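By letter and in written order, the chains are A, B, C, D and E; residue numbering begins at 1 in each of them.
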Amino acid sequence: MNLFRRLSNSFDHGVFPHHHKEQTEQLAIQRLPFGKRFVIPLGQHVGAPAKPIVQAGDAVKRGQMIAEPGGFVSVALHSPVTGRVTGVGSERYADGTFQEAIVIEADQYDAQQMEVHPIDWESLSIEAFISEMQKAGIVGLGGAAFPCHVKYAIPDGNKIRYLLINGAECEPYLTNDHRQMVEQTEALLYGAEIVRQKLGAEEIVIGVEKNKPDAIKALQDAIKPGQPIRVMPLEVKYPQGAEKMLIKSVFGVEVPAGKLPRDVEVAVNNVGTIIAIAEYFQTGKPLIERVVTVSGPGVSYPANLIVPLGTSIREVLDYAGGLTDETRQVVLGGPMMGDSIADLDAPMLKGSAGVLALTENETGRPQEYNCIRCGRCVEACPYFLNPARFARLAKARMFEEMAETYKVMDCVECGCCTYSCPSGIPIVQHIRTAKDHLRSMKGKVQ
Amino acid sequence: MGDLGWIFISTLLINNFVLAYFLGLCPFLGVSNKLEVSFRLGLATIFVMVVTALCAWFLNTYVLIHAPYLRLISFIVVIASVVQLIEMAIKKTSPTLFRALGIFLPLITTNCAILGLAIFATNKGYGLWEGLVYALGAGMGFTLAIVLMAGMRQEVEKVNAMPKLIRGFAFNLIISGILSMAFMGFAGLFSSS
Amino acid sequence: MAKEQLAYDEFMKGLWRENPVFVQVLGLCPLLAVTNSAINGLAMGLASFFVLLGSSILVSLFKSYIPKQVRISCFIIIIATFVTVVDYTLAAALPVIHKELGAFIPLIVANCLILGRMEAFASRNTLRMSVADAFGMGAGFLFALVSLGAVREILGVGEIFGFALFGANFEPWVIMILPPGGFITLGVMLLYFNWLEEKKNKIDKQLATEDGVN
Amino acid sequence: MSEDKVEQAAVVADEPSPARLIGTLAIAGLVSGIIIIAIYLATFETIKENKARELREAVFRVLPNVSKMQKLLLKEGKLEVSYKEEKGEEPIYAGYDDNNKFMGYAIPSDGPGFADTISVLYGYRPSDRKVIGMWILASRETPGLGDKIYKDAAFVANFDDLAIEPPIVATKKGKSKPNEIDAITGATISSVAVAKIINKGNDYWVSRLPEPGAEPAYVEVETPPEAEDAQAQ
Amino acid sequence: MTQKDPKLLIQPGPQLRQQMTTPVVMRDVWYALTPATLAGIWFFGLGAFLVLLACIAGAVLVEWYFAPEEKRGYFLGDGTAILTGWLLGLTLPPALPLWMAFLGGVVAVGIGKTIWGGMGANIFNPALVGRAFLLATFPIAMTTWTAPGDFFTIPSSLFALPLMTGVVDTVTQASPLGMMKFEHIDTPFIDLLFGNTSGSLGETSGLLLILGGIYLWWRRDLDWRIPVGIIGTAVIFSLILFMVDADRYPGPVFTVFSGGMLLGAIFMATDPVTSPLTRKGTWIFAIGIGLLVVLIRVFGGFPEGIMYAILLMNAATPLIDMYTQPRVFGRELDQNE
């Protein structure tokens, strides 16, 4: 069994949802026209929220820093447009909650052009490089929005041998990474080289699922002989793009629980992130826009769009032809780990890889039946956890046992279990309940 | 199958003390909610049963032959005292063993499975070795039954789906009934070959 | 009069409200092992009844002379004596039944019901109350044994106390006489008692709210 | 479990003198001993008679036309008449008719059955090497099925005239040879078990029995008064 | 201005679900059982069909009666009660009185499932609980096998009054297992393959049962490890015995194709509710069943052991599950491996 896995370059378990990428995988990336109103939440990345450095009424230029990092694990924010700050206050977020945000009204008469200021990265020390990254506001664009510079701040004693570039894009529907690999191959390789040299890595590996042959080919064609880069085609399987799964698939190494990729001498970055880094050093453009896939059966004209951050989801959807009548649900991110959107006027964030409009067909939930212990979730869980047991224990509110015996805290909520459950049990929700409870208990003890 | 072998298989599976003779039901129904505890109780029971078999053989051979009317009372008194003595000895010599078995020993002594073992072994006219094998089979049969039971009860309590009405003894009895039914499959084992 | 009432209460408590088997679930070993017919249940019930009554009387008479430390040992000796008496009497008077009940007569000693009553009641109450309690508990145990034995005999053999009920073509439910049948029948009977209890509680609650008491 | 609690409680309470404790137990033991011995003595005879009658009934059942019996024990390879209980004895019984003529042996044997050990007593006539009767002393075979080995008259009748050589076989196809018995439908295991138990008894006893004709004679010592009762039955 | 779009649904992720649902799984099992069932009815006549219906009626009635009122449709909708009754029916002799079959259905669902808290909560396979109960209760009726006969002849024993014995008036014949065990008579392989032998009404046709199993495997409703493990173990074990003494012990082919082996291995042991969750646990479970079957068949008192073997391993399943927890990703093998 393990031998087969080894040969097929993949991790154990996982699920095989239909990838649904055919709608957008051949569509070139387009630029979304600038809208009028931009909302930039201060806490859209992992870590401390940024601190605003502008006030209502201030005029801002496109790319100008409008908020500085609120700590080490935090990044700067920049204005996506030239315009005027209309306020700093509470704004609704995609999940329905309110968060502090800077609101900018675009200047309708500005051409929204930016001057090009290449940055000489070769002379930068690693510390300077890291602070540049923080200043540029670059976070992981795969969905988690984890500040990049934190990843690169390697403590003494750790060494990075491999830079692993995540082009797996295992979430169904999403094709933004795919298109970027095809269209921005040069930028990708350039950015990868920057990061490799700065981290002192020996080799760059780009992991790409086999359902993107054109991306694999484009990359292979672009790699010059002698460059320390190789492309690794991977089995099409969810969650191939999860950091630890990708490492397992590519290197056959398991990252120990509670440890980070750097503990196995690997740094992992998303394709989009690397391209953003490349663009920053080539042109001086901080992270103010990203490529977003707008897709799903509820969208009239699916597309891959460059979206200025802070644009409302409604504008993105309108550009793609608006929602059809059958649409039941709009999801920000991929359909497996993304969240339902409560408010279409919420802004696009750094971590929003896709906007998906789903119909009854995709979102309909089977009626919930009792667990029949079929074991599909156990077979699906890439972390070898026992989701069936979690659901059972969570219902009986035996949270401690879940943590102690069954290691519920190791769960990354990839959703494989809920996806595979024929009885329609929302296992991930049960797990989240348990984790929340355990965290609050832990807080109380401390 | 030798005689000793058959005695062992018979008490372990076919004539399981709990599931076929209803002996030791108090701990079987009362203590079987935790697997760990059940297992240790089972081990302690095996131990006490073997000691009991020794005592019973000794009494039968040297004492009761002269005074059969003292059978019941001497079984109770002697077994209880010997177990008490052993408990003290274990406490002194092996604290680890004592922690594992200790608290169960006095509990088990008053258990009807122990007395039943002594009486049945006497009624069947078993000698020393037969008695010991009989005790081992009975103890292991008890352990097997209580461990299976505890596993099932733990699982069932997790599901938490049972109607409230049925929880507790009624339910445990019905599970025991099904388990006993399953053990009927062993009936006739090795008797025909 | 008040005393009469109390004693009667103790009796009814044992027979029904705190029935040793159906409510307290005590003394299961002899209960299940011998109840494959009503007559065996009756014999076992009477034997236990006698032991319980005799030990209760003795214990409650001598309770002030027995030091606490050796209480349990004394109780066991007393009980074992009565059991031996019953054992020999049955063997002499009713050899057939004695053979049927077999090793389970001596096992009355290990019946937690009897030791439990000594400890919990007889050693703390007057002779009169102890007798009432022993009567109640003994009757309750007897009642449980006979009813369980009757159910198992009716279904398992188609007879009750040896009288055929259903005619020649009756298909006996063999399982009822086998161990699993004992477990399941008792389980179902306990279920029935739980159900009665629940129903009664519901009615009590209703009455209480209607009366405005409590 | 309640005992445990009590014991703990007892430890806490203040201690009366050890002499008093031992004294109390001794008195209790003494009284109990007296009662037990009294009841033992009172019932001893009856119980003994009950047992003897039971045995006699069983022996008469497996040996037709027998009215007297005596216990035989194997001592140094020789069968001897015995009257008292001996330790570790493995007795067989000899049956005689009214004229004290030897009629056959009643041999007890046991072995594994379907549920538990089956104890069998069977009658054996050494003159023509035949089993002439069988009775189950104790068994826990399934009611309604396995218990047919003693409840089913037709099955029991199998053993009224049964050759022991070659060893007895239980068959389902109908008895065709003198050493075959008809197995009970649905209780084949129990039927086979009975056959095997008898074979086991024969294996042990047949070679140890004296030559036909040389059986121990009936010794008239003290005819139990119940012999007539049993005969009447 | 910022208002929730009323028609948009908010639900936690993952948003996608695979298409398989529990009722679909149950339906699949129905389809897989159909050929063997039809063969049983064809061989044993309409009476077999009536027995099957009585079982299903008993099972469904209990399920319906004890289901909470507001959930009745839902309880029945999952189709498990019908399946339980159906499976139970397939393990019964075709001439069993209908009232017994009905009682079996009642016990199967009542004691096998409802008291545990309904679907998914039971430890023992309900159909087998029903069968074990019937076998212990009516040992004679449950072991009276009739030979395959005329399609339209319905044995009169079927219509025995409740509580009364049914008199079997059709040709009775020992099952292949019984003949092997007690008389050492082998049954031709072809008969075992197509089911033209006496036996329980759904277990005789090995070929159709295997077809049903393959269908289920193809639909991914069935863990192939269980049947493969059971049959593999039984084959190896019986092969060893067969090589030791070919006259005394049945050969591996006979072991696999006789009695309820295939029905049990493919349809009963694989009941997900009562089998272990993990791969390793599944293997232990299957091998345990395989060993117990041969043990009981060859050395035990019953000709058939698959039912007891499965029930016993069902009882051990919680323990197996507990001790075969998969090693969590990225954690050292700290325990149980």
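In the analysis below, a residue touches a chain if its C-beta (ideal position, glycine included) is under 8 Å from a C-beta of that chain, and two chains touch if they have at least 3 such contacts.
Nothing here was measured: the structure is a model prediction, and the numbers come from that model.
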Third chains touching both chain E and chain A: B
Most centrally placed chain, judged by C-alpha centres: E
Centroid comparison with chain A (C-alpha atoms), farthest chain: D
Of B-C and C-E, pair with higher C-beta contact tally: B-C
Whole-Å separation of chain centres (CA-atom averages), chain A against chain C: 70
Inter-centroid spacing, chain E versus chain B (mean Cα positions, whole Å): 33
Rounded Å distance, chain D centre to chain E centre (Cα mean): 44
Junction residues of chain D, two or more chains touched: 1, 3, 7, 32, 36, 39-40, 114, 142, 144-145, 189
Overlap residues in chain C, where contacts from two or more other chains coincide: 77, 80-81, 84, 88, 112, 115, 174-175, 178, 180-181, 184
Sites on chain B at which at least two other chains make contact: 20, 26, 69, 73, 110, 159-161, 166, 171, 174, 177-178, 181, 184, 187-188, 190-192
Those chain pairs that satisfy the touch definition: A-B, A-E, B-C, B-D, B-E, C-D, C-E, D-E
Contact footprint of chain E on chain D as seen in their complex: 114, 142, 144-145, 172-173, 183, 185-186, 188-189
Residue ranges of chain E in contact with chain A within the complex: 1-5, 7-18, 20-25, 74, 77-78, 118-121, 223, 272-279, 282, 321, 325-332
Contact footprint of chain C on chain D as seen in their complex: 1-3, 6-7, 9-10, 13, 15-16, 20-21, 24-25, 28-29, 31-32, 35-36, 39-40, 42-43, 46-47, 50-51, 54, 142-145
Chain B partner contacts - residues on chain D that touch it in the complex: 1, 3-4, 7, 32-33, 36-37, 39-40, 87, 111-117, 140, 142, 189, 192-193
In the complex with chain B, residue positions of chain E that touch it: 111-112, 115-118, 120-121, 123-124, 129, 132-133, 136, 292, 295-296, 298-302, 305, 307-309, 311-312, 314-316, 318-319, 321-322
